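Next, two complexes with subunit A in common: one pairs it with subunit B, the other with subunit C.
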Partner chain A sequence: MHKQKKYIVSHAPFWHDGSSITTKNYHIMLAALIALIAGLIQYGAPALGVISLSVATAIFWELIMNKITKRTPTVGNGNAALTGLLFAMMLPPTMPWWAVITGTFVCVIIGKEIFGGLGGNPFNPVLVGMAILMIAWKDLFDFDQALINYDFEYFVLYPLAALKHFGVSSIESLSAIDLLSGKQTGGIGTTCGFGLILGGVYLIIRGFSRWEITVSYLLGICVTAFIFKMADSTAYAGPVIHLFSGYTLFGAFFLATEDSSSPVNFIPMLIYGAAIGIMTILIRNIGVYVDGTVFAILLINLANPIIDKIRPRAMGRTV
Partner chain B sequence: MIKRSFIGLFPPVLQYEELDITKTVDSIKTPESVIFFVDKEYSKKDSLLIQPGDKISAGDILSVFNDSEEVLVPSVTGEVTGIEAFSGNFGKNYTAVTVKTTSNGKVNKEFGKSFKKASGNSLNQIIKNFPGVVSETVLINSDKPVDSIVITGIDSDLLILNNQYIIKNRIEEVKAGISFIKKATGIDNFTIVVPESLASEAQSAGVSVKTVELTYPNASHMLITQNIMGRKVIAGKTTEDAGVKIINAETVAAIGAVSVKSGIPDSKLITVINKDGSTNLISATMGTPINTILSHLKIDVNERDRIITGGPLTGTAIYSDLHPVLPDTDAIMIQDREDIPEILDNSCINCGECVRICPANVPVNLLIRFLENGEYDEAADNYDLFSCIDCGLCAYVCQVKIPVFQYIKLAKHELTRNNTVEAENA
Partner chain C sequence: MNVRKDFKIAVIMAVILFLVGIICYAAFPVKTPEKPVRLMFKCKAGKVLFTHSTHASDSGYGLSCTDCHHHNEDDEASFMACSECHVSEESTAVPQSCENCHELDENHHEADSEKACADCHMLGEGGQTQETCNECHEPEDIEGQGKSMNLHIKSDAFHAQCINCHKDNDAGPVKCSECHVMQL
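On to the complex of A and B.
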C-alpha cells in the first residue's frame, strides 16, 4: 500500500518576491536614523529621552489595542515603533513627558487603530498626533523658546519663526549649506537636511518609498515659493529657506509617502505631492501657522481617495 | 524563487526562460497502472458504458457515459480496474478510470482513420484527449466562430519549455497539424507566436510568425490576443469572443502526427521544475502517476513539501503524488517546504505594489477590500474584477502577503456559478 505523504496545498502563485511590511518599516527606521543621530548629537540626552519614551509608548498603545480588540499582536511589524520614532523626531527635545505620551496615544489609537489598524487609516497617524499637540499646546512648539537653555557654538534660530515674525531680512544670513547641516533649531530629527536626504534617497532607491510623491512635493514647494518671492521679495523668502527649514524635507521623504494615506497611481501621486507642496507654502506665507507641513499633508490626505480615482482604464473595459 | 532585487525603484520583472537547444527529452516507461480523467462528475447511480474488468486498447474511442458526449482515448492497452469520482479545485468533478496496462498489448490500428473521419463535436471530444490541450480548447465551436487561430510556441507560465521545444524539434508535425485544422475548420488565418530566438524555425511552417517579448505575462493568452493579434477582448469575455482561438503547439503537433503517421497521441511532454528551479524535459505516457515520474528523476519529496501541476505563478497544488499526468499537465513543480512563502490574513496597507505591476490595470488595492468582504457584485461592477487576466503577479508582490489571486479566482468562480444557476432558472 502506498503511504500518502501530506503535502502543502494552497492557491497560486507559489512564489513571492520576498517583500514584507516588516522589512519596509525597519528600513524606514534605519533611514531615519542618520538624521536622528545628527539631532541627538546636537541636543544630547533629553532628545534621547523623548525618542525612547515615544517609541516605547507607541508600541505600548498598539499592544493594548491589540489586546482589547483580541487580535494577534501586530507590534512585531515595526509600524508602531516607526510611528513613535517619526513622531518624536518632529518634537523639540524639551517636550514634557506627558505631552509625548498623549501624542503617541493620539497617533496610534486615534490616528490608526480606530480605523481598523494599519492600512485603514485615512491620515498619516504621526501627523494626527502632531496636529492635536500643536493645536492644544501651541507653546510647546516654540522651538527657539524651548531651546533657550541650549548653548550652541554657533548662532541658531528657527528660520520659519524668524521669517514669520521678523521678515525676510532676519534670515538673509542663513546659507543653504548651514541649513542642510543642521545649523538651525527645529524638531529633534528634522534639522539635519543632509541626513534626511540621504535616508530618503536610500528608501527611494530600495523601493520602500515612492519618488513621485517626494519629487512633486519638493517641486511644489520650490515653484510656489518662487512665485511668492517674485511677487514681493521683501515679504516672502525664496525656495531655499522653505526647502531646507521646518519639516519640509522630513515631510517629503518620511511623512507624505506613508502608504495608507497616499495615492498608488502615477498621476495621482504627482498631483498629491505637488498639492502638499503648494499648500505648505500657502499656509506658511498667508496662514497663521509658522510651518504648514503638518496641516498641508493632513489636508491633502483627506483628498487622497478622490485624487486616486484618476487611474488608467482597466483592460477590456468598455465604458 | 525570484526575489525582489536590491534596487526597488521599479516593479520586479519576471522573464520567461528561453529553450536551451541542447535540452533533450527523457522518456519514462509506461507504468503498470495508469489513471485517466473523464471531464464529468461521477456518481454511483450512473450507468457506465465501461466497467471494471473491461479490456481496452490504446487508441479506442470510448464513450464512458450514456448521456454524455465525452470520450476517452486511452493511451495504453489493458484492463479497467476501477472507476471513481475525483474532485478537483473550485468544485470541478471528474470520473477517474484506472487501467492496469498489459505489456505488449495491441493498439487499435483504426484510431488514425476514425480521427480523420471525425468532424464537429466528435472531433472536439477526441482532441480533448490530446497532449497540451487546455480544457476549454475545442476546435470547432459553432456558437463562437473564430476567424484566426494562434499557435503558441511559448508556454504562458514561467519556466515551462514544452511549446518552445515542439517548435524547435517538431515543426514538421506542427505544419501537418495546421493543414489538418485548416481542412477541419475552414479557417485560413494562422499565426505562430514564438520567442525571437525560435522565429526562423517557426517560419518553416509556412504561416505568419509573430514574436513575443519574454517578460511575464506576455505569453498569456489574453495578452497574445490583445497585444499581438490586436484584438480587444472585453472584460469577462474570452479570446474566442474576440475571434481568436489559441492552441498550444504541442496539441497542433499531436494532431499533425496522427494525421500523417496514424499513431496514437499517447505521450505528454512535461517540464519538471526541481526544488532548485532547474528544469528537466520528460515525456510520459498520459495517465502516468506523478510519483512514477518523481522516482524516475530521483526527486525526493518530503512531508509538507509542495507538488504543483503547472508553473510557479498559475499552477495548482495537488495533495496526492498519485495524481496522473493529464493532457494539460504541462509542468510538475516541486517546492521544498522551506521555500513555501507564507500567506497571511492581514488587511491591505495600500502600498500599491499590486496596482503598479498589474498588466491589466486592475485597481487591486481597492478591489481586494470588496473581495475580502464577499462583495463580489460590487467588485465586478466598479473595480474591474473581470479585467483581470489571471497572471498572479498581484499576490506575488503583495507586501502583506494577502492571497489576492485566490480571492480573485474565488470571486470569479462564485459569480460565474451564480450566473449559470440564474440562467438555468430563468
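On to the complex of A and C.
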C-alpha cells in the first residue's frame, strides 16, 4: 500500500494542453447542433430566425456591456454566443423578435455581466432570461398556442401541458421512442431527445461537462416521478414522460452543468443534480407551472454555494 | 493573437446571424394556413385547443364544412339568415336570468352547486345579464335592430355543437375540464 504512487508531479516548465474556455464553449455549441438541426427541420425558417437573432443579439449585448464597463471585449470566448444559442433552443419558433432581444438582454446583462462576467454569475444566465420572460409573458411559452399553425403528423398537445390540465389519460398514446425522436411539441432545440443525449454524452466523454450532475439529475427525476406514480397512478405520470418531454434532457445535459452555478466536488454534484430532479417533479406535479425545469435549476443554483461546502478531507491533514 | 482572431470571428458571426435573423423574421414568418390546423378558443372558463384539421380531414374524423359551419364561405348563395335558426321573440326585453334561455345540463354545478354563472361565463357587472343584445352579440349578427332575438352566444353554439356531436358518436370530451384548460 505504501508503495502506491498517488501523484506523479513533474517540475516546470509545464505544457499547456491547448484547452480553453473558447474551445469548451464552441464544443458545447457543436454538441447542441444535432438537436438544433432536428428542430430547424421541424420548424423551418422561423426557427432559424429566432436562433440567429438570439445568438447575434447576445453577442451584441455583451459587446456593449464590455464597452460601457471599459473592459477587454470578451465576446471572442464564445460564451455570449453559447448563451444566445441555448436560450433560443428553449423558445418556440414563433417567439416575437422583441421578446428574443429582451430575453438575450436579461440573459447576458442581468444574468451574467452585472455579476462581473463569465465565472461570476451565481445563476445560469440562460435560465435567468427564461424565467423572467416566462413570468412576464407566459402566453408566449404556451406551446399549444404558439405552434397552432404548424401541421404535424403526430400528437399535437404539448405533453406536459396535457398532463397537467387533462391528466394521465391524455398522454397515454405517447411512447418513449416517439418522444426521443422529437415527435412532440416544445422548444426549437429541446424536443429531439436522441440529439440531446448524443450531444450530452459527447460533452461528458470529452470532459466538458460532469456526468455526476447529469446522472443524479436524471435519477432524481426518475425516482421522484416513480414515487408519485406509485402514490396515485391516475393522477401522476411515470418517469418516461418526465424524462423525455419538456426541458428535462436539455436541462440535464446543457443547463444544470453550467460551470459557474454548479458545484465542483463529487458529493455536492450528486446532491445538486438530485435536488434539481426532485424539485423539477415537485413543481410539475404539485406546482402551478407546467414545466418546472427552469425554476428548479435556478432554485438549486441558489443553494449551490452551501452544497459545495461539503468537501473531501484534506490529504495529510493532522489537526 | 488568438484572442483578437476569436473576437473578429465572434463579431463577424454576430453580424451575419443578425442579418439572417432579420431576413427570416421579415420574409419567412409562420404562415397562417388557408384552412386552420388548430384553433385556440380563449374564454373565461379556460382556453380550448380545437384540432380543426383532425376533425375536417379524411384521415381524421372526415366531417364536412357544413357539419359545423353555417355556410360555405366560398358559396355566398348558401348563406343562411340568423333567423332561420334563431327564432325571434315578441318581447324586446332581455331576460334577466341565465336560466330563462339556457338549460342547465349535467356538466354544470356538478362540483359546486354554489358556483355562480359569472364564475365561468362572461356576464355584466354583478353577474347580471346585459341590458341590450348588442353587449353580447355583434350588431351585424342581429337581424331587425331593436328586436330581441333568441340568439345563442358563440360559446353556447360551440358547446352545443361539440358536446352533442361527441355524445352522438360516443367519442370525444363532454365535460368542462376535458376541453377547457382550467385556471390553476
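Methods note: the second predicted complex is superposed on the first by the 302 of 319 C-alpha atoms of A that agree within 3 Å, B and C clash if a C-alpha of one lies under 4 Å from a C-alpha of the other, contacts with A are read in each partner's own complex, and residues count from 1 in each chain.
The rule we apply is simple: a contact is a pair of C-beta atoms (placed from the backbone, for glycine too) under 8 Å apart; a residue touches a chain by one contact, two chains touch by 3 or more.
This one's a predicted model, so the numbers in the text were calculated from it and none came from an experiment.
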Original post:
A:Ala45 contacts which: subunit B (first), subunit C (second), both, neither?
Top reply: second
Original post:
A:Ile205 contacts which: subunit B (first), subunit C (second), both, neither?
Top reply: first
**OP:** Return first, second, both or neither, reflecting whether A:Ser260 touches subunit B, subunit C, both chains, or no partner chain.
**Re:** first
**OP:** Go through the superposed model and pick first if A:Met230 touches only subunit B, second if only subunit C, both, or neither.
**Re:** neither
Original post:
Does subunit B (first) or subunit C (second) touch A:Leu157, or do both, or does neither?
Top reply: second
Original post:
First (subunit B), second (subunit C), both or neither: which does A:Ile310 touch?
Top reply: neither
Subject >> Residues of subunit A at both interfaces, subunit B in one complex, subunit C in the other >> reply: none
Subject >> List of subunit A residues in touch with subunit B within their complex >> reply: 2, 4-21, 24, 116-120, 204-208, 210-211, 259-260, 262-265, 311-318
Subject >> Residues on subunit B engaged by subunit A in the complex (per definition of touch) >> reply: 1-4, 6-10, 12, 222, 226, 232-237, 291, 301-308, 310, 312-322, 333, 335, 337, 340-341, 343, 346-353, 355-356, 359-363, 365, 384, 386-387, 389, 392-393, 395-401, 403, 405-406, 409
Original post:
Of all residues in subunit A, which touch subunit C in the complex?
Top reply: 22, 44-46, 48-57, 59-60, 63, 73, 75-78, 80-81, 93-94, 97, 144-145, 148-151, 156-157, 161, 164-166, 288
**OP:** Going by the contact rule at the top, pick out the subunit C residues touching subunit A in the complex.
**Re:** 2-11, 13-15, 17-18, 20-25, 27-33, 36-40, 47, 49, 51, 53, 177-178, 181-182, 184
